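The two complexes that follow have chain A in common; it is paired with chain B in the first and with chain C in the second.
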Partner chain A sequence: MMKKIKWGNLYLWLMFVVLYLPIIFLITYSFNAGKVMQGWSGFSLKHYGELFADTRILEIVVNTFLVALLSSLLSSVIGTAGALYIYNIKHALTKNVFLSLNNILLVSPDVIIGAAFLILFTVMGFSLGFTSVLLSHIAFSIPIVVLMVLPRLQEMNRSLVASAKDLGANNWQMLTRVILPVISPGIFAGFFMAFTYSLDDFAVTFFVTGNGFSTLSVEIYSRARQGVSLEINALSAMMFMVSLALVLIYYVISTRAAKSKKQGTRLVLPASEGL
Partner chain B sequence: MSRVKWHAFLVTIYLLTKSEGWELTNTSTPIIEFKNVGLSYDDNEVLKNIDLSLEAGKFYTLLGPSGSGKTTILNLISGQLTATHGDILFEGNIINDVPVEKRNMNTVFQDYGLFPNMNVFDNVAFGPTIKRMSKTDINAKVTEMLDLVKLSDYADREINELSGGQRQRVAIARALANDPEVLLLDEPLSALDYKLRKDMQYELREIQQRLGITFVFVTHDQEEALAMSDWIFVMNDGVIQQNGSPEDIYDEPINHFVADFIGESNILDGIMKTDYLVHFTGKDFENVDAGMRPNERVEVVLRPEDLDLTTIENGKLVVTIDDQSFRGDYYEITALDDDGNEWQVQATNKAEIGERVGLTFDPEDIHIMRFNESEDDFDARLESYEDDADDAKE
Partner chain C sequence: MMPKSKRQRQFFYIIPYGIWLVLFVIAPLVLLVFQSLTTPTGHFTLHNYAIYFASGTYLRMTFNSVWYAFLITVVTLIVSYPMAYLLNQLKQKQFWLLLIILPTWINLLLKTYAFIGLLSKSGTVNNFIGLWGVVPQQLLFSDWSFLLVAAYIEIPFMILPIFNSLAEINPRLEQASRDLGANRWQTLRRVIVPLSMPGVKAGIQAVFIPSLSLFMITRLIGGNRVITLGTAIEEHFLVTQNWQLGSTIGVVLIVAMVITMILTRDRARRSARKGR
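The block that comes next holds the complex of A and B.
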């Protein structure tokens, strides 16, 4: 019995193979016993051993996650407040100006944002390091959060706000008991997206880091320049696993949220960039 | 106290009892009052100089087509909107600047506005929770309210698991859980199907009478308004066209708009030749209206259900049947008279299309509307008929 070939499926699989082949290649060689990417000389975990012995790398991993966590948390708060503000602007032109200002930041190249921040920090006499990286990460994450939260607000039924007021709620009660719970999927998506953006940002961080402070992407870049070590493969493999885990966690939480509320709409999965 | 002073004191007391101020405390103050209230957006006047007065414990309906200003009045009462000019009073106190959340009234919104992040219980408990009532009180209140709207078994349901009718009930329970003195309803039944709407009309009326609070109901459905209300305000173009009991509004429409909007009407141009004699479709008819200038131009209203088909000899008018459809308890007939006027008739007897028949009606079925008659003049005219009728009896 001949099975009919589904060309669409075949194409899809081919695409995924092309997309994931480099990553799979990289991960495979992180287990190579040899020192280089050419020639497979047997399975070994020695590169992972080297990695865990490298205290600088471990420190950088902690730094990277700390920056990602702090910047995404803070930008979620600021971005949500910003989205609420834009939502409440009555004047159409003002609203569009704010929205455009937000979107310009989102589409402008990272290199320019990074260079701009570098100039700003230098002019202000701000020493480069953890704080400068954190601040710039917050800055480029805010527009992402705004963009994820605003549609949720616009979808929200206006009469929810009217009802809350009508039933005697003040502005704070209305915000905490009605608006924030209703738009929480958007905030959640914004947080996750900001987190992944921060985690894998290279361009902006490259400009504003200094004084020995580094994040993973910058560190991998500088090490790769000095010559390929399979330790980097091990590190990249682990980072890939972390982002995979993040996506899975996100998926589980969002399906559970969708199931418990039966809202039918699943959260928008953030487009996570390859690490 | 000297004699003179004592006397002055007694006179003052006497005058006080006679004064209007004293009277007001004795007679009941309207629960809601509008004094020359208007609302404009830029140059667009949405509401023009509205005066109205609502008594506590009654079922009021604001009836009108969309854009007539009925929902605007509701939003002014609730405080969602602020008037451009005029005063809004609640139990005699001006509440123009009192914010929504401080007014002792609640609203059932057209799309219900139920909180999707809470279940039925928490939705109804929202108001009492905000008021910081105790847990036991909240439980009691929510149970009572869900009982009132017959949703006792649905406390744990999520909002999106409910049907439209059930959501409607939750919205009513939630609004009533705050013990409002006035419940405002903004076209709450418009999203329901016909049968459900009928049931809810009946139930809303029952709830209102059980609680004894004031309901202000907004609708564009005249049938709904007639079925539920104690008192109807018919709105158009930001003006109250007529207000009165459902019977008043139906039987004595004040102008073309009201006659046309409430129920079906045959409206014709006519002339009041003298008192009790009106001329239309080229003939004179005896009627019960008086007090107009001789030969004053008027509009004549005849309700389809007041018209009957009869033989040509017995008919006051002769018409040709143009169209006919069966409506269950009557036939909806369209007929043309010899002048080409179209007549809507609701008849119990069947006719043949093309058949010439007589049309008959009683003198009191002829309703006369003067052009541009003010509501006060109209009321005065109606009262004079009643006086005449009383005189006749004596």
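The block that comes next holds the complex of A and C.
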């Protein structure tokens, strides 16, 4: 019995090492004075210097965050409207049809979404660039917002809405004063998921980005195809910090919500994006 | 009075959401299927499907893609099941689970990029095995490196659903099984594993479908040795510009996806009902 548990712990440790090794490796080499990811030639911050002097990368970082912010804001609004619509449907079959339609983009492989959107933009005569990337990101983020908001709506006490109505609230007052405050943790979780989806996406963006516009993932891909450059390592260390900060913020807020609400919004895996 | 205000409300909600549904869910899929059924000049044809099914290359590529997706799924399942089981026995399991989830929040491209450094001919892994006198190997751009990196990236997506289904098992069932004289192995095989099947199915679904459509890893790590359905679609859309045939492969991928979902859903539902 004792021996068994020890073997188990060994396995767990080994797996955690394997999971984190590539990430630690990447970040460690961002401080290497040499030019490649092998042979340690001393500590240096010069790759960070190169990174901050690289205006193309900085511009792409700004673009990426702009797309992430705008797409998550807009998809939160549209997704919340969608969740409210689906919540109000009384007919069970209609409700299921809408839920299935909602989930299509969540289960579809990214390559399919990218290819289908590329056809769509071409048929509509839309030129590829910032707007097409933004529209695509809004489109694939909406279903996750719906899925984060719906459980909140279902948990909501229906008599709240009924009493608001009895007290003479109109539709708008009911929405802004009663419903939205109750479901705000769900909307926040949806916004957050949409933000990380957008930051992480590679495949869909790769299809609809065209020539002029680029996001971080696409840029890293094209640079990685040319070979290793430690500037990317420096960039990855920075991005790791951003991801870590995002997870921490999300975790703190969701546990706080869990404490006050008894049931928090669970931390969800970002879909295996961009494969 | 009341139905009218409700109708107004619903109308207000459906406008943005409905536009999205029509424009970005239904239209793209219809266009993709339509594209696969037309010639470049827009006439109806089954020619693309004929090319796909008549040529050995495309069929071989499809079988290859399914085979690799299968291998990736098996490898991640073998590694992840014990991991999920052991995690479930820990005291602070939510914290450890968070540590499993954390790597999935890191950009996929960066994780793949790390492996380019680890596996390259003069890279760390080669230096490490060199300590035992092994001659540097070409690790990058091989089928094995592709499998390794794909499995590495998919592991958390397999662990999470299995972990969740294991956590839902009532611990009394395990005690009952012991009391009734089952040993550790029998308890695991007859009680724990069958009850965690819904999680295993969900994990298989979460790993198998993305593995069919992998295209970035095949380029950066696999060195184009492994061609998956995803790689073929990307190739047809962005390189050879044959959108009709690309869409045809897309339709095949959708069909493969639906089959996978049906295979993994049916059983999952039945066991979920049993579990409740």
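Here is the rule we use: the second predicted complex is superposed on the first by the 235 of 275 C-alpha atoms of A that agree within 3 Å, B and C clash if a C-alpha of one lies under 4 Å from a C-alpha of the other, contacts with A are read in each partner's own complex, and residues count from 1 in each chain.
Just so we're on the same page, a contact is a pair of C-beta atoms (placed from the backbone, for glycine too) under 8 Å apart; a residue touches a chain by one contact, two chains touch by 3 or more.
The structure displayed is predicted, hence computed values, not measured ones.
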Aligned on chain A, chain B and chain C: do they clash or fit? fit
Given the touch rule stated above, what does A:L10 touch, chain B (first), chain C (second), both, or neither? neither
Which holds for A:S159: it touches chain B only (first), chain C only (second), both, or neither? first
In the superposed model, does chain B or chain C contact more residues of chain A? C
Going by the contact rule set out at the top, does A:L58 touch chain B (first), chain C (second), both, or neither? neither
From the CA centre of chain A, what is the angle out to the CA centres of chain B and chain C, nearest 10°? 100
Between chain B (first) and chain C (second), which, if any, makes contact with A:N170: first, second, both or neither? both
For A:L248 in the superposed arrangement: first (chain B), second (chain C), both or neither? neither
Once the shared chain is lined up, is A:P181 touching chain B (first), chain C (second), both, or neither of them? first
When the two complexes are superposed, chain B comes to within a least CA distance of chain C, in Å, of 5
Once the two structures are superposed, pull the chain A residues common to the chain B and chain C interfaces. 165, 170
Quick one: which bits of chain B touch chain A in the complex? Just the residue numbers, please. 78, 80, 99-102, 106-107, 109-117, 126-127, 130-131, 158, 160-161, 174-175, 178
Chain C partner contacts - residues on chain A that touch it in the complex: 4, 8-9, 11-12, 15-16, 18-23, 25-26, 29, 36-39, 77-79, 81-82, 84-85, 88, 101-102, 104-105, 107-120, 123, 135, 138-139, 142, 165, 170-171, 175, 196, 199-200, 202-203, 206-207, 216-217, 220-221, 224-225, 228, 232, 236, 239-240, 243-244, 246-247, 251, 267, 269-270, 272-275
Residue ranges of chain A touching chain B (in the complex, touch as defined): 157, 159-160, 162-170, 173, 177-178, 181-182, 184, 261-263
In the complex, go through chain C and note every residue touching chain A. 2, 5-6, 8-10, 12-17, 20-21, 23-29, 31-32, 35, 79, 82-83, 86-87, 89-90, 96, 98-118, 120, 122-124, 127, 152-157, 160, 184, 206-207, 209-217, 219-220, 229-230, 233-234, 237-238, 243, 246-247, 250, 253-254, 257, 261
